[in-house]
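Alright, structures below, take your time with them.
In what comes next, subunit A is part of two complexes: it sits with subunit B in the first one and with subunit C in the second one.
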Partner chain A sequence: MARIPTATLLALVALVLFLVLPVVTASWVAADFGIYFAYAVFAVSLGFLWGHAGMLSFGHAVYFGIGAYAMSVVTLGMVPGLPDLKSTWIGLVAAVIIPGLVAAVLGWFLFASRALRGAFLGIVTLALSVLAERLAINADWLGGMNGLMSVPPINLGLNGEGADLYDTIPVYYVMLAVLAVVVAGMTWIQHRPFGLALAAVRENELRAATLGHNVARLKIGALAVAGALAGLSGALFVVQFGFASPSLIGFALSADVLIWVALGGRDFLVAAALGAIVVRTLESRLSNALGATWPLAIGALFMVSVVLFPRGVFGELITRLDRLRHRRRTRRA
Partner chain B sequence: MERLAIILLDGSNAILVLMLVSLGLAIIFGLMNVINMAHGEFLMLGCYSVMELNSRGLPFFLALALSPLVVAFIGLVAEELIIRRTYARLLDTILATWGLALVLRQAMVLIYGPGSWSVPAPELGEITIAGSPYPVYRLVVMAISLVTIVATFWFFFRTRSGLAARAVIANRDMAACLGINTRRADRLTFAFGAALAGLAGAAMAPLISVDPNAGLGWVVPAFLSILVGGLGTISGPLVGAAGVGGLDSLTAAFTSPVWAQFAVFTAAIIVIRLFPNGLVSRRKREA
Partner chain C sequence: MPDASPFLAVENLTKAFGGVRAVDSVSFTLAANEMRCVIGPNGCGKTTLFNLLTGYLPPTSGSIHFEGADIPGRPLYEIARAGIIRKFQVPSVFPGLTVDENLRIALAGKANPGKVGTGFPSGFAKREGRAERIHILERVRLDRHRHDVAGTLSHGQKQWLELALVLAGSPRLMLLDEPAAGMTRAEKQETIRLIRSVHDESGISALVIEHDMDFVEALECEVMVMMLGRVVASGSYAAMRDDPMVREAYLGNGHTGGGHG
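Up next is the complex of A and B:
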């Protein structure tokens, strides 16, 4: 019997749980989870970039924010010169392609001559997120500080004239489906030649280059893929939340997503996704009780996790279960 | 003409303080290989510290002198509790210091609230430079920065402890073999770097609004400075800070602060593309 990887097992268990969740809970819980799934897609994009390709980003929300704004601008009919364009589908395409291109251009500057690595990459991305937030606040045509309000929900028609996807339960299942496809698809990419080469670059850049891999091109590719995926998650977020503001593009959300991925586990995409969902759930339940202490608590927890369990909670779980299964298997044999 | 003089003076002020901040970052990185993401928060702590001490009745300049010590102590505690546990994992030190930054920022929100405070500047009057009045306190800030930078260089290049520190930068293992206590050097370096940031924050406190995010506006240009200037030397960050601070304040004066940030970031990215090792690079022999 072929052995199913532990991460896949965990993903399937989580999928079953999420499939029955709306049946047993109130509808506002499902509405919350629809948004958490969009955040989970975002976490998967960072998990891929950081955990798989080894590129740490302190400004990942930039792509999320660009995606959210792109979707909003298109569905609100604000594209310059095309006032009749309101298609959700074109918005979706824009929300994927624009952040992907931005990431690719940035990657070309950063990786084409000096392979900017580790901490330095982190610094540039940090600067980028601070800058992007300032630019969004000062961009009057994007609503400035107030952002863009009443962004329409997903519209099934070709140009915004069809039925709205607005009810909680259908939106919940659409988001869950997208998340499942994204996790499965990105895991598939991890095992394609492109993904394997990226893993090689992560482990030893010099060796990968010596074996003939074009390291710069691989890194630019990984950044573009992660940026496009983050843009998609931003679009999925904004069609549910109905509001795009400068806080989506900036420093604070970049910090949040890094914490989700670190606490969940950066070595497995499922762990990153679950990290986002669990931290957001805890936050909505506890932040009323803890108030301003919540960010302090989550920051402290993050620090402890960096020092004591760098694999993250779900990453650690997967690794331990894996070892356990392996031991039982060898004992039986 | 008068406006130009003011712009140039304000620009030099920004450059000198930025040099102080970048120097602290560069020393910590050079000696310990730690990218200190909490550096801006040390600066922010310096602001709050001078505010707190001043409001308790201490004269401003005494508060200004004590604040770096307060921040150095906090840095020492942080190093002992968290940062030394991640030395073996370079990337994790960034995460640990970055987590520390979040915690420090939120702690200030809890203690002093999320709003901004102002620290009254000491009454030093104004002086007429090139026909326009200029606050003396800003000149004092420049003098403090300049003296501290010179003193730091004097320490590194003219004292025995500085020689030991440079030995650790050049080759940590060899320095340890020669009997230099590298653990002690790490601890002192981190405290010293934190103190430089604290001093910068304390000196700038009356000129900026003191809020929990005060550090962010300084640490990003400081990071870009060391990135542009190159990390192999102690003077590289100063060159970087001059470039970044100069471009930032000149663009801000003639257009707007947002465009200034945009210009600095774009210029920094282009420099990284054209000069992969920074503007001031030293051939470093790989161990």
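Up next is the complex of A and C:
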């Protein structure tokens, strides 16, 4: 008999809570959460790549940053040769396709001709993020060190001439809707043949190959999907934040997203998403109180949680609830 | 290429690990629809032979032709899609996934003839239907464990799941490395029946590595004997059983059959 997976139940509970949150809190809370939802999409992207496909990336902000810059360049009318182009929608497409392609090309270099595995991928992606940050700092046409300011919000018109989506509450619900669709869609992909084949690659890549799976192509596909999704999250971020800077592309944010996913739980996409939201929430509440010692606090929190809950806080919660539900079922039977 | 190229042709196949020739100038052919047992003492190179046939290891020298096509040098997944599907000596199913997911993975990756360079995403075979999965699981008696996580199965059940993965892979040539190792007597009988019925019904060719001489006898197929990397004899089970060299190989090893690797 089919039953609703525990992770799905948790996702539904969280969705209901987030649906009522703006009703019961001040509007600046909702403004913060709109941005956290963009970060959560970013965390889902890494959760898919790392937790589901088993490919650890230390430079995941590269795709986030490219997405943010792509959206900014388009909506600011900075596309070379196309000064009239200001469409949010074209920006969104660029923010998905460009980082997706970058990730695919990287994957092709890494996997097409050799079986690069384990730590190598981490090291290469780490180097890439450092390199990309330097490139962004030195790119004058992208504002260099200062980045791009006054990035417009989402514009509902075809080419930037329609209404701006600026008010906190609508933006909040749009971001929540995107996050919900992303979690549902990526969970669906996990259970499609492509997603299952990636799980097989994660569990035992040689075995997957001896069953006829083209492991290199699967890995390139996983990187492309994760890159595209991270790019989307970067675009969602920048239309709210209004400012794209080299720090969005670099190592620091790459490390942040790793922490969110590890803390939340990499085995479940919803756990990764909640990890991002919870850490960001704690950060904004505690950084006022703790000031400069905040990084120490998050570092300590990270280490304690990794020791106590190696599968992440929400990963552990889902696993335990699952066991409980299973036991009750078998007792009833 | 001559029209009558054998189904599987192995010529002078050698694999050396340092000084050890684990497989040493092995030559044989296997006809389509033929099943053959490969026997020999521990460490004589049986598994290494399978590693060469599946592209797991590159040969030091020699050739392998499967339906006329060269095998060495091709990527693992291409060899699998050509129809050479293997059961590992140590069960290596996907432990964190359910039995059903294991099967879906095997079905999605299976031989996909007529498509060059298939893969993501259009190359996935459409036939990963539920009915087919249930049918395969019924054959290996795992239908009641369809939603169990593979890592929680017993050893014998994992062996059967390995067999199920092979069947789901639509093999043209099955390579079964000790399919009954570690099984109870009853489970062994069941396994023999399963392998025989798969072979008899669909005429899939097979090489079966086995230590247990009763098992080999019950499979009722030709036998190929390996020693120190070489094929030293082949023929019917009865002929092999009475061959003095084979007796010495087994008895001289203190190996009277019924053991495992």
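To be clear about the criterion, the second predicted complex is superposed on the first by the 326 of 333 C-alpha atoms of A that agree within 3 Å, B and C clash if a C-alpha of one lies under 4 Å from a C-alpha of the other, contacts with A are read in each partner's own complex, and residues count from 1 in each chain.
Heads up, the rule we're going with is that a residue touches a chain if its C-beta (ideal position, glycine included) is under 8 Å from a C-beta of that chain, and two chains touch if they have at least 3 such contacts.
Remember, it's a predicted structure, so these values are computed and weren't measured experimentally.
**Student:** Would you sort A:221 into first (subunit B), second (subunit C), both or neither based on which partner it touches?
**Tutor:** second
**Student:** Going by the contact rule set out at the top, does A:204 touch subunit B (first), subunit C (second), both, or neither?
**Tutor:** After superposing on A, A:204 lies in contact with subunit C but is clear of subunit B.
**Student:** Between subunit B (first) and subunit C (second), which, if any, makes contact with A:213: first, second, both or neither?
**Tutor:** A:213: touches subunit C, not subunit B.
**Student:** On subunit A, which partner touches more residues: subunit B or subunit C?
**Tutor:** In the superposed model, B touches more residues of subunit A.
**Student:** Let me test your reading of the model: by the given contact rule, A:38 touches which partner, first (subunit B), second (subunit C), both or neither?
**Tutor:** In the superposition, A:38 contacts neither subunit B nor subunit C.
**Student:** Classify the contacts of A:194 with the two partner chains as first (subunit B alone), second (subunit C alone), both, or neither.
**Tutor:** Only subunit C is touched by A:194; subunit B is not.
**Student:** Touch check for A:236: first (subunit B), second (subunit C), both, or neither?
**Tutor:** In the superposition, A:236 touches no partner, neither subunit B nor subunit C.
**Student:** Provide the residue numbers of subunit A that touch subunit C in the complex, in ascending order.
**Tutor:** 193-194, 196-197, 199-200, 203-204, 206-215, 217-218, 220-221
**Student:** Quick one: in the complex, what on subunit B touches subunit A?
**Tutor:** Per the stated touch rule, the residues are 35, 37, 82, 85-86, 89-92, 94-96, 98-100, 102-103, 106-107, 109-110, 114, 216, 220, 223-224, 227, 256-258, 261-262, 265, 268-270, 272-274, 276-277.
**Student:** Considering the complex alone, what residue numbers of subunit C touch subunit A?
**Tutor:** Residues 54, 56, 75-77, 80-81, 85-86, 88, 92-97, 101, 104-106, 108-112, 118-121, 123-124, 128, 165, 169.
**Student:** Enumerate the contact residues on subunit A facing subunit B in the complex.
**Tutor:** Listed in rising order, the residues are 56, 58, 106, 109-110, 112-114, 116, 118-120, 122-124, 126-128, 130-131, 134-135, 137-138, 251, 255, 258, 262, 292-293, 295-296, 299-300, 302-303, 306-307, 310.
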